[in-house]
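In what comes next, chain A is part of two complexes: it sits with chain B in the first one and with chain C in the second one.
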Partner chain A sequence: MAMGHRRVPEGLLYDRNHYWVKVAGREASIGLSAHGQHTIGDILYLELVSPGAMIRKGEGFGSIESSKWVGALIAPVTGVVLDTNREVEASPGQINVDPYGQGWILRIELSDIDELKLLMKATAYRQWVEEQINREHQEEGAI
Partner chain B sequence: MDLYNLGPVTWWESQCFYHAMAALGREGLIICYPTTPYVCLGLHDDLDQEIDQEYCRVRGLPLLRRETGGGVVYLDSCQLFFQLVLHRDNPLLPLRRLQFFEKFLRPAIAGYRSFGLPAELRAPADIVADGRKCSGAAAGDIGPCVAYVGNLLLDFDFYTMSKVLRVPTAIYRRCLYQAMRRNMTTLADWMTKAPEYSELAMALVNEFARHLSDLSPRTLDRELVEMSIGYREKLTAMAWLSLPGRKQARRRVKIAEGVHLLERNLGGLESIVVLIREGMAEEPLHMGGPGIDSGSFQFTIGTKEEKIFEVPQQFNP
Partner chain C sequence: MKMVWRFLDTGPLPAANNMALDKVILNSLRCGQASNTLRFLEFSPPCALVGYHQAVELEVEEEYCHQQGIEINRRITGGGNLYLDEGQIGWEIFAHKETRGIPRNSEDMCRLMCEGVVIGLAKLGVEARFRPKNEIEVQGRKISGAGGTEMGNAFLYQGTLLIDFDVDTMIKCLKLPINKFDDQQIQTFRRRVICLREILGNLPPIPVIKRSLADGFAESFKIHLEPGDLTQNEKLLWEKELPRFQSEEWIRGKRPKLQGSSLSVVDWKTRGGFIRVSVLLDPTRHRIKSAVITGDFLAHPESSILDLEAAIKDSSSHPSDILKTLRHFFAVNHIRISGVEPEDFHQALCLAISKAGDGQGQPLEDAGRMEAKFP
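Right, the complex of A and B next:
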């Protein structure tokens, strides 16, 4: 198993659905963490809301498909979509390749700065990911 | 866990009951088959690109877009469905959703084997016998749950499947039929007499109970039926069916895991249709036009980024 999916850069905030949030003033970029994309597998398709749409913390802002599975993209924070990553929409596998860089998903204007307090810093998220990976290893042993 | 061993149901019920269960947050296993044929799109399939809507209309084949993954399928009474709905936080579910197919498909594999097919998993979500696909599966998050769905093929109408899909040429359609026939198999290929529904259903129920959970037989209740009627409206509405989906630069039909049929028009009468297996081109099924030598072509297909058809120098514009 590649170790890349354990990578958790400092300076970003994270939630338990494996999204990262990079804050710059009242704006934020959002993407899937390395571990998040790892749990999904090879990403084949992405359907995103359009710029101008309001996304709400805990609610869907699009859907994602890996081989034979589709799921909702769940917003880690609330805000208005400023921009979506057209390159990643055209080539969703970029999320697998570079989740924290070229694989960013969308950029929003934050509606509630206080929501950021509910997100995890890198250290806490890293610890949580390790717990998840340990659980995964136990599952693999059980299968 | 609740078991709904429904037997024959209408075409739309064969999809809408599991959607309704998932939306209601109710775990359970459904086993059923549709009494009449229909065409089912995956959540992200593009209707205009994928389906010959005129053929479906003339044949009276209704369309439905499900909320799970995978591609377009033609479904009829020769297929038995097994549909498992679990809460997303059910400890049975691994973190990696695709990994669960291995567990989900074990009962179907055991069921096939009990009827003499040398069935085995072809990761992530196919069952193959003698290297040929004999079951497809898909999954999707619906409401607070995730639904895993699959089928056992008593037989398969390859001809109608080849007609349902929108394809570039009649030749491609013929190649599609041949490719499916060569790379898929059903119980009918292995048995002289088709098993009864009850035999197949019992085999599945026993194996699901052994591998997943105790099963308590249930009958449909009002809440479930009403929710499924609502889903019928949603999943068959033209606005829903017409939602934009993934676009292909060139026609490519997935026959089985790792097996795709590709076509490329090289201009004029020159075109080729070729089967790609595990990223490598097999002998072209069709080559139209003079002077095209199969040895002249190399093909590659990526798993993450589509990269198809490296055309030989002499045919580049």
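Right, the complex of A and C next:
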């Protein structure tokens, strides 16, 4: 996967909603993968829960807007929000520019370490994304 | 065999009722309690709507709206401010994300959703086309805009079709990238939108317009539309949700802290004529909210300046990003303007942005003009 928008760094964990999770002890940073931000497009607005809030795996923790589309941010793991990226809230396009770096979204204290086992490593995520892209290409023209 | 979608025509409703119903139907689809749905909606009384993430105070002339009995509300979908009176038709697609052929990419999805309107307009003898990022235009002028949202595995894409539109009231009730005391700018802005009456002269009856649109969507999605009604659960939930969508808490939200809005107007002289750029900037988020570009230069294709305005709407206001956008736009669309280069637009836009971002941008009604000459 040479294309920038399909970059999948090793050492991070990924879910099927295209979030990455970077674990450091009981803490984790969360952001959108390069493919995730590419699918969403040019991000204009971001609205996040506040520090101290509990986010739960599979549930919303904010909203995101691009190309006149409002989407829900869905937590890849459960935990208490320690910090949100204020720079990204003010300038959400940073997620498009640097999804794995300056474009991180929030940092949490993990509530259930076992949930990490449900996430994909880079190789598995890369393969899954390829499958999704191939499937979509096959469907093109179906409508 | 064609997939069957529900067809709803809910008639004229107040803004809050329409906004609440959007959420109810979307939720119904998410829960598997409804099939994919096409809804037509109308608004009465007239209303000014802001996009989900927008701040009312930055987008709507509230005092004017209150004086005129124009309702103000917030959509659950994205996009910008808009004005709707009784003469317009709204269209909405509610569908499961896994519906065969629905693109995952939001821009591709918008193009597909608008395709039904383009086909429907063709059935009325109107040649329309999709204009990125989210518009449908006729003769280079906007006739429909669209935006969307999602809930779980379901999504809503909605838009409006201008049938017989009162542009002057829209100009008065929305905050727009023009100086409203400048007649020339107002005239220019009027020419940026178009309605069916202006195109066709005599309007077909509304049911005929709706039928054409419905046929357009049916053709575009290769579906069969079955007229239906709200389910009992939807009616109950609608009643329950309505107070929230009527509340100030919903309408106002808490959004202004990370947004701003500043207007500036700049004249820039080039070898090919002068360019007047009017920019509505969000200096907090470093975004060009919208821009109006006029001047005495000759552009080919004729609609290219309106397309350019659409291309820079909601784009980054950083000088390098603007230049990249302009060069790409000129190259891809084969734009030719004698004596005017992409760099001229770049200079004019940067000057306007600098003026707006430095705090020189003025309250919209008082926006002044700065002139600069080509060396």
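In the analysis below, the second predicted complex is superposed on the first by the 133 of 143 C-alpha atoms of A that agree within 3 Å, B and C clash if a C-alpha of one lies under 4 Å from a C-alpha of the other, contacts with A are read in each partner's own complex, and residues count from 1 in each chain.
Here is the rule we use: a contact is a pair of C-beta atoms (placed from the backbone, for glycine too) under 8 Å apart; a residue touches a chain by one contact, two chains touch by 3 or more.
Bear in mind that the values here come from a model prediction, so they are computed numbers and not experimental data.
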| item | value |
| --- | --- |
| Chain B versus chain C as contact partner of A:E89, first or second or both or neither | second |
| Contacts of A:D98 with chain B and chain C, given as first, second, both or neither | neither |
| Which superposed partner A:E47 touches (first chain B, second chain C, both, neither) | both |
| First, second, both or neither for A:E27, with chain B first and chain C second | neither |
| Contacts of A:A72 with chain B and chain C, given as first, second, both or neither | both |
| Shared contact residues on chain A - chain B and chain C | 39-42, 44-45, 47, 63, 65-72, 91, 93, 132, 136, 139-140, 143 |
| Sites on chain B touched by chain A in the complex | 42-44, 67-70, 94-99, 101-103, 124-125, 137-141, 146, 245-246, 303-305 |
| Chain B-facing residues of chain A, complex | 38-45, 47, 63, 65-72, 91, 93, 96-97, 132, 135-136, 139-140, 143 |
| Touching residues (chain side chain A, partner chain C) in the complex | 39-42, 44-45, 47, 63, 65-72, 89-93, 132, 136, 139-143 |
| Of all residues in chain C, those that touch chain A in their complex | 51-53, 76-80, 100-107, 109-110, 112, 133-134, 145-151, 220-222, 255, 258, 284-287, 314-316 |
